[in-house]
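Listed next: structures, encoded as structure tokens.
What follows is chain A paired twice: with chain B in the first complex and chain C in the second.
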Partner chain A sequence: MTGSVRWQDAALGVIGTGSLFVLWELASRLGFVSPNVFPAPTTAIIGTLRTVPLLDILGHVGTSLLRIIWGFALGVAAGTVIGIASGWYRAFGVLTKPVIELLRPIPPLAWIPMAIIWFGLGEPSKVFVIFLGAFFPIVTSAYKGMTGIDPALLRAAQTMGLRGPKLLFRVAVPAAMPDLATGIRIGWGLSFGVLVAAELIAADQGMGFMIMNARQLGQVGVIVFGIILIGVMNLITDYFIGAVIRRRIGRWHAV
Partner chain B sequence: MMADTAASTGSSNPATAKIDVRGVSKRYATDDANTPPVLDDIDLTIGDNEFVTLVGRSGCGKTTLLNIIGGLVEPSHGDISVNGRLVTGPGEGKGMVFQQHALFPWLTALHNVGFGCRNNGVSAAESDRISRQLIELVGLQGFEDKYPTELSGGMQQRVAIARALATDPEILLMDEPFGALDELTRLEMQDELLRVWSAHKKTVVFVTHSISEALVLSDRIILLAARPGRIRREFIVPFPRPRQRTDPQMIALYDEIWRNLA
Partner chain C sequence: MRNSRIIGGLTLIFLLVLWQLAVTWGFLKPFQFPPPSRIGGAVVELATKGFPNNQHIWTHVGVTLWRIIQGYVLAITVAIPIGLLIGTVAVLDKLTLPIITFGRSVATLSLLPLVIIWFGTGELTKVLLIAYGCFWAMLSNVIAGVKYVDPVMIRAARTLDTGRLRMFVKVVVPATLPRMFVGARMALGVGFMVIVGAEMIGTIQGLGALIMEARTFYRSDITIVGMLFIGILGFSISTGLSWLETVLLPWNKGLEEVRR
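On to the complex of A and B.
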């Protein structure tokens, strides 16, 4: 993609999002929707910044990010290792694939009660649920990447004397990288998705808690602010991950 | 002169056999039992430093035979030995150029060429030096840092040729390596290949669809028949190199091969 096209796309994206916000703002200001139920974005943001101390907000964001980074990092580590191993070692794949397929469709949130019993109400239970959100897309795409490698590449490397771990790490893993990268990106999005839900249950910190707490206090503006904040956080971090991926493999693989 | 060339190539002299294909048959697992085998009882002895070309119609089993010699595909029957030792797998001095170039998309041209060296204990600096030389040999200087997707089909093929040469294998197995090249580049690459072949004493098994290419390059041309895949005929090309396509003797041999192919 050329630079100017990328800028054009970015500009269109901003226009699209901007229009939505303007419409929303107008709808609320002109009384199409009641500000008590669905306040205008500016009202929500300014109102929240007036009532909730900035340090508190940053604390919630920080706590959430820390949880998500832990859960996601564990998900990446386990998903990558297990996915690659099950795609490479046939017997291991036959062993693990049905288990993964069995567990994969279960929504991570369904594990919350289990997580609370296993890990209690503290941090580990939230990290665990976030981990599940990241793990499954990553393990599946790593497996898909490994089993979809062009056999000609492996053969070419074999004719140059590569076998065993060298063939795995110098050829198979790089060849599976594009699929793995896609899985990582999806995994990050899902981690974000389950984060709030995990925090809704039992937490005294975090963006999810902030929203839930605001509901009890009847602060609709804070809820709206929290929702926008989550969207923006996800957008920024996803952009960052996308940029890292593009930097690493974008030159040889269109992302 | 004809006797001279034959002696110097040592063709079909078992004492100097480099590659020995004995009774090789191949049936792919997906073939049903009634179809004739892809390869049927192939016997072929290739001498040290000999240049042998396989020709035959599309689908007659040239790639299969080359892969079997390379140790990438297992024959259903028969065996292959190189230097008198049974072939059990790929590698071990058998360089390959694939019909589908099979470059590593995540590596630049330079690193594709140097891949074999770097992964066999050669220092990065030394393998870069070797790779640069070979990139120049195939006429791609200036493209060292391009990725395969940024190269044309013919350029990719030339990178693949350079890559096969980088580890200096004693045997080169080349599957239509010049297929994607324009006529002029093709002629240049043929010259370069002959130069490398004679300077470095390599044994070459080459696949092509071009009879004239086979005639310019080879000591011996093996014509394969399809399903069952058998050796239909062998032609010794006794003329000294460099050969002229317009030489009446070459034209006569061309016609003879052509008649047998059809």
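On to the complex of A and C.
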């Protein structure tokens, strides 16, 4: 793709997004939609920055991100280890697979009541729900990656004398990486999707709490601001994770 | 293959027995880990007496299912034509790309407070939330499906002097179908995810409401039954979809890698 075409594409994207915002702004300003129901983007953002101190907003973002990172990191760790082990050691896979297949169709949010019963109303229950969001896509994709390795690859490595852990870590795991990477990205998206609901559980901080609280106070502008904020954070972090994955597992794998 | 299934089943039975014994011997608290026997009892109770306020399990399943179907069908019927249009017209695709990327990134449940302000806590709110979540999953797959139709097929059709409309109906749309099924499955997953969150507010009917209500009444056994029913429901619908796919698209077997 040449440079000028790429610029053109980007410009078109900006025009498209821009016109949507202008339409939204106009609809609200000209009174088609009541600003009390759906404020214009500028009203929402400026209004929020005026009423909610910036430090509070940053605090909410920080708290949420910390929860997601904890839950996600645990999900990646557990999902990768269990998924790879299940795919590599047959006996282990036979034992874990039915349990995972049984629990996988249960949406992470449905665990919220049990999370509260097991971990109380504090941080661990929220982290647990986010963990589940990341764990299942990662464990299944790691398993799939391990079982889908080209057997020729393994045989070639074996002919060259690789065995046991070396074969696993030098050949099999790298070969399963692309699948694992897909799972990790899906997992991150799900962790983010679960966040808001997880923060419904007796939270007093976090972006999910911010918008739920704004509902009780009737601050529609803060809600709209919060929705956009959560979306933007999701977008940025997802881009970041995508970039890290691309760098780590190399460019030959399309992610 | 069959052997590993039997072993898998035995593992599950073994774990259930272990769980039951752990509770009887006092290693696990029955409230935190309601044993299989209590869960079985809860199923019977839900089927005969109902919970809460005599809402039978079938009411919960039916209500949840109906909400999902409404939102899902709404999302898909809107997403398919829009997606076909955007995928066909390159300029539209470029204009909308960032909007769609952002729309997908918005956490569906973060819309909950806004939608409640607009439409209250009733049915419409739940259906719209499900529809929103399903919509983007479906839309991006339809667009991708149209954009990545094998150019060989298009060229082949062109050599046969196919007109534009005919090309669209006979070549592009059928070639997009496998990807549409991918979208339909992803959308379903999103729908099941959203429904649980949406049902936590303003209702006592539906499986999401059931599990939350059960917790407030310290009936963790009922919570687990609710979770199992959500899982079974999601699993059966997604199995049904893949069955439908093999019936409708018997030629399609090469899309395994994007189907996740």
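Things worth noting here:
We adopt the following convention: the second predicted complex is superposed on the first by the 235 of 255 C-alpha atoms of A that agree within 3 Å, B and C clash if a C-alpha of one lies under 4 Å from a C-alpha of the other, contacts with A are read in each partner's own complex, and residues count from 1 in each chain.
Operating definition for what follows: a contact is a pair of C-beta atoms (placed from the backbone, for glycine too) under 8 Å apart; a residue touches a chain by one contact, two chains touch by 3 or more.
The model shown is predicted, which means the values in this text are computed figures rather than measured ones.
Placing chain B and chain C on a common chain A by superposition gives a fit, with no clash between them.
A simple residue count on chain A separates chain B from chain C, and the partner touching more is C. Vertex at the C-alpha centre of chain A, arms toward the centres of chain B and chain C: the angle is 90 degrees, rounded to a multiple of 10. Shared-chain residue A:R29: touches no atom of chain B or chain C. Contact with chain C, but none with chain B, is seen for A:V220 once the two complexes are overlaid on the shared chain. Legend: residue contacts after superposition of the two complexes on their common chain; A:V171 is shown touching chain B, with no touch to chain C. Applying the stated contact rule after C-alpha superposition, one finds that A:I230 touches chain C and leaves chain B untouched.
Once the two complexes are laid over each other on the shared chain, residue contacts for A:L162 go to chain B alone; chain C is not touched.
In the superposition on chain A, contact of A:R246 is made with neither chain B nor chain C. Once chain A of one complex is fitted onto chain A of the other, the partner contacts of A:D150 are limited to chain B, with no touch recorded for chain C. Once both complexes are placed on a shared chain A, the shortest Cα to Cα gap between chain B and chain C comes to 14 Å. Remark: chain B residues 67, 70, 72, 89-92, 94-96, 98, 100, 102-106, 115-116, 119-120, 147-149, 163-164, 167 touch chain A in the complex. The touching residues of chain C, counted against chain A in their complex, run 4, 7-9, 11-12, 15, 31-32, 91, 94-99, 101-102, 105-114, 116-118, 192-193, 195-197, 200, 207-208, 211-212, 214-215, 220, 223-224, 226-228, 230-232, 234-235, 238, 260. Touching chain C in their complex are the following residues of chain A: 8-9, 12-17, 20, 37-38, 94-95, 97-99, 102-114, 116-118, 137, 140-141, 144, 182, 186, 190, 192-197, 200, 207-208, 211-212, 214-215, 218, 220, 223-224, 226-228, 230-232, 234-235, 238.
Taken in their complex, chain A has these residues touching chain B: 150, 152-153, 155-163, 166, 170-171, 174-175, 177, 249, 251-253.
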